[in-house]
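Note that subunit A is present in both complexes that follow, paired respectively with subunit B and with subunit C.
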Partner chain A sequence: MTTTAPGARSANSPISTPVKREITTKPRFSDKVFRGVATAGGLSSLVILGLILIFLGYQGFQVLRSEGFGFITGSNWQVMQDNAGNTDLAASTFGIAAMLIGTLLCAAMAVVIAVPISVLCALYLTFYAPQLLKKIMVAVIDLMAAFPSILFGMWGFFILMPHVEYWGRLIHKYFSWIPLFKMEIPVFTRSPFVAGVVLAIMIIPIITSVSREIFSQTPLDRVQAAYALGATRWSMIRAVVIPYGRSGVVGGAMLGLGRAMGETVAVYTVLNLVYQINWHVLIGAGGNVASMILLKFGEAGPTETRALMAAGLVLFLLTLLVNSIANTIVSRTGGKGR
Partner chain B sequence: MSTVTVPKVKPTRPWKRTPKQQALMAANLLISAVVSYFVVLATPMKGKLAYLAIFFIAVIAINFAESYFKSGLAAAKDSIATSFAAAGLIIAVVPIFSILFTIFDRGRAGLNFNLFLHDMKSNGPNDPLGQGGLLHALVGSGIMVGIALLISLPIGILTAIYLTEIKGIYSRPIKFLVQAMSGVPSIVAGLFILSAIVFPITKSSSGLMGGLALSILMIPTIARTSEEVLLLIPNDLREAGVALGGTQWRTISLIVVPAAKSGLITATILGLARVAGETAPLVLVSGGGDAVNPNPFHAPMGSLPFYIWKGFTYGTPESIARSWAGIFVLLSLIFLLFIAARTLSGSGAKK
Partner chain C sequence: MINPNEDGNDEMETKTTPSSLSDVANATKARKQPGSGALGVGLEARGIHAWFGDKLVLRDISLDFWSGTVTALIGPSGCGKSTFIRTLNRMHEFIPGAAMAGEVLLNGQDIYEQGTDVTKIRLKVGMVFQKPNPFPSMTIADNVLAGLKLAQLKTENKDDLLEECLERAGLWNEVKDRLNAYGGSLSGGQQQRLCIARSLAVRPEVLLMDEPCSALDPGSTLKIEETIQHLSSSMTIIIVTHNMQQAARVSDYTGFFLSDGGPGELVEVGPTSEIFSRPKDTRTENYVTGRFG
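Up next is the complex of A and B:
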């Protein structure tokens, strides 16, 4: 009697040879459909951004072509009408330099005010705060990031403005030798400075949470090494945390800058919108591109609306640029990014 | 068997402040307050700002002196840094509490039950506060945010699935673009809907347009939060699904997504909270009617942000009180959404 190894085929067995199955990594039909749908969903962000570019560009093309580079460098916004009452594109001038400068000025001021506060706050939450306080404060600051901008606008207008005007007077009194703070006519109400402070309060939660995330990723061995060498908390932060997190904080600041540049309603509510180039931040006149679009949209004719679309395109490209740089910096620092 | 009596030892907490240290701290704050009071009295500096500044300087100086004589210069520097960091937190948090207090304080006057039963069809913003309401705004906001949710939820979650599960060749650029998209200013979203749909096709504003504009702002929030949630699902689950013979589609739809359910709901809620208060795009595209309009395809539609906006720009005491009441309602909704998101993500993490 011969024993057959289990699984080996005996000579008289009726069982036929199993067909050799193909081993493959080729996806099934259902997977192909699924992958296709998910890829389409993933590409939607590309499609939407592309469509924004195309449609704003298409609508603004006429104005951009007639104004050329002057659309960005000029600072006149005059709508001329011909005898029939239609807008005369050749005679009208559209230039958004005044508002672009206002945008950059307000946003830059906001970042200058917000960054030190946010970084100190993030340091405190990461390295100093007791666990319970930290938990509560992180939730509170996250909640603040979800506050709608009209709320900041109204609060800024009714509650904050009197205080900020007073601070403005103080700054004017002691620092008017700095050209930025100079002013001939003492009108402190609704100035770009007020808008800057409101925007700063709006972007503090963003910069704080980015910085906090970066700081908490500081390699623990280096932190402990610093402590083991006898460092105090502050010298540990200076020697380890700040070199590690510096570029991440810069990225967070730029994210805040992007948010501040695109802010519409809060700026519209607190700022006295005047179409002129105003470098003196304490004088109550200024504007930014987004709030100008909102202001002029109501009574704009067809051509002016096209000009506003072109302004929107410029704003879109500007914020896209700032945000892209910011995201690149943050994700490079923090490993997984935000 | 003999019983061993364990001596009861109270756990010590050497890092905790002793009563003596606490007394010293209280004394420090008290002395600083007294100093600031007298300095403001004696010098020409006046105002709350002066009190605060001198108080802060005095606290730092006393802390500095104390730790300098106790532990030397390095510890003294550390105490200064601690004071500054704490000041940073206080400055960051004061506006939040001021905002919450203001809303409660000013919103109270305009709050009554009528708000939720009536619209502003037959009332002007200048009427006494008991008349009219924001029913139209609540309905409109609900419909528009609902439309935005219907569009953004599938797209956002598909994007997140593409980024975490499929990891195709476009992963890196798409991740980059989603991040870029979350920085699109809200007014640009409104302008885009105007230029792409309202001007060439419908030629009139409606609730649908508002919903579309909101969805542009909502997609990146949902996509990014969902991506983070899906990344937290352990790879073992995916491998187990595939090892049981599941295709990728069945693994993801029957294992990964259900496992991440509470996190995905959190992502959705955060997306809702993000767009519920958006004002600028709605002012551009939704029209903002005063009557309840349940049809998103036709006629202007009101919304909470628009209601607040209208009351504020009208500028009379009554209309502004209406705005504050509107903000009270809006923020309560956002607050509820936020708490729901926190609770869900908290319970998801415990499992």
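Up next is the complex of A and C:
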């Protein structure tokens, strides 16, 4: 009788490739139920988004077909009526180029202003602020994120606007060599610059919250490693916290950008909507798709409403595009710091 | 005693096959004695107490660490060994509510003196942590030189320093062809040696190691121990370990810490061979012979 040691294969047993067994896990009933609920929740957001897209596409289709590319390249918005008082689609022109560019311009300016402030604020709260002050500030900032946007608009209108001429002149005096800050008509109020500042203040809480969250998750062992190498707090932040939090900050900035692009009332309050492409941010003439929809919606006839729906569709797609570009950037650069 | 059927792939077992820890401790290397071969007192702890909040966790620890020697600190978990070495380079104070009393003298200067530049202290007293923690956003080369950047030091020739540090940490041959790979691409043991190389780049006088091998496999542990042996000739090394074999293999002196539920205390310190063969305190004897802990 031969014996083999436990666990040892006897030397002369043939080695053949065994048939792969099917590995299955049968979920329990409760698991199935929960999976169903979670799936329904997940899908419903997608379905709602899809329905909105379909609705906007359906409503705007007629106008988009009649205008073609002119809808996003032209900047004329004229409703013509025939003798019977009906809107004549063929004679009317709808173009939102000025509004689209205005939207991007204001939102980009808001992000450029808000990101440095938010990052510094988040760093201060995470690494420098005393506990009590930190608690108070976090509460205030979170409150700011939930603030009604009309209040920001009113603040911009009553407080910021009277002072912006001074700022505008200052920037114009020293930076007019940058085409963006060129000033041909001296109208400073209700400019994209004002709208950008108001939007910046609106998105600072979002970007600060997201950044603070990610900074506070910096792995402690890396922080300690930096300190143990004689790092000052600043050099530790630069070497460890920023690389770790970079992708989170970009994500926060994208959330902010999304909000800035879709913002309606606050921009409507402080911006002069002009149907002309204007790159000069200091001049009181700009555009914003959402605000334009708000401006026109009340008095629009059926055809113009369809045109506004089409404008909404374009804004929707633009936001989607910007967000997916941002996501790509985050996933390309994000991995290294982790 | 050794099972003949075992195929002997446990490297360390076959290398030393110790019958007792004291044999290991005696056989490891010629002992350095204070004054003979040692370079003088590198670091002195004087009456160290430490608190977390109101809780006293260390009572009255006084220890001298001689330059050019390795001191191992052993003891059961929770006896304050790690807390103690963290007081030696002022890492203790990062824990909220942490406090200490006593003095730590580096070359005769108290590192807790008012107005001391803490970052300079940490450059002179480097630290290697339990878990390998290279900076994942940096390449291998940048990791080694990270200390220079963090502490804003200048160096003449970065390439030479890079090679020297990796060489001393016993990693050069394994990474010389991929210095621009990210630190996270290395194995755990390699990462830990990268962290050692990183601490060496700022030329510390003292190196604190907090259970540097506890997360590593035996092969990597052996490599790190060799590295410690190499380094010990030129600097003061203090290593916290749970592995008594390791303490016996690498250290010249051993300190035994114990807590009886209250604050941790230093029970006994002496040349490693004596601690493992003729301990003066019965508690030490019980611990090193494995009767508790």
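One rule holds for everything that comes next: the second predicted complex is superposed on the first by the 277 of 338 C-alpha atoms of A that agree within 3 Å, B and C clash if a C-alpha of one lies under 4 Å from a C-alpha of the other, contacts with A are read in each partner's own complex, and residues count from 1 in each chain.
One rule holds in what follows: contacts are C-beta pairs under 8 Å (C-beta built on N, C-alpha and C of every residue); 3 or more make two chains touch, one makes a residue touch a chain.
Everything quoted here is computed from the prediction, not taken from an experiment.
Of the two partner chains placed by the overlay, only subunit C lies in contact with A:224; subunit B stays clear of it. By the touch criterion stated above, A:232 is placed in contact with subunit B and with subunit C alike. By the touch criterion defined above, A:95 lies against neither subunit B nor subunit C after alignment on the C-alpha atoms of chain A. Residue by residue along subunit A, subunit B and subunit C are tallied for touches, and B comes out ahead.
In the overlay built on the shared chain, the residue A:287 is in contact with neither subunit B nor subunit C. In the superposition on chain A, contact of A:263 is made with subunit B only, not with subunit C.
In the superposed model, A:252 makes contact with neither subunit B nor subunit C. Overlap of the subunit B and subunit C interfaces on subunit A: residues 232, 235, 338. Every residue of subunit B that touches subunit A in the complex is listed here, in rising order: 47, 49, 74-75, 77-78, 80-82, 84-89, 91-93, 95-96, 98-99, 102-103, 106, 154-155, 157-159, 161-163, 165-166, 168, 170-171, 173-174, 176-188, 191-192, 194-196, 199, 216, 219-220, 223, 247-250, 252, 270, 273-274, 276-280, 283-284, 305, 308-309, 312, 323-324, 327, 330-331, 334-335, 338, 342. Against subunit B, in their complex, subunit A makes its touches with residues 27-28, 30-31, 33-35, 37-46, 48-49, 51-52, 55-56, 58-59, 116-121, 123-125, 127-129, 137, 139-144, 146-155, 157-160, 166-167, 170, 201, 204-205, 208, 232-235, 237, 255, 258-259, 261-265, 269, 290, 293-294, 297, 308-309, 312, 315-316, 319-320, 322-324, 326-327, 338. Residues 5, 219, 221-222, 224-232, 235-236, 239-240, 243-244, 336-338 of subunit A are the ones touching subunit C in the complex.
In the complex of the two chains, the subunit C residues touching subunit A come out as 5, 89, 91, 94, 119-120, 122-123, 126-127, 129, 131, 133-138, 146-147, 149-152, 182, 195, 198-199, 202.
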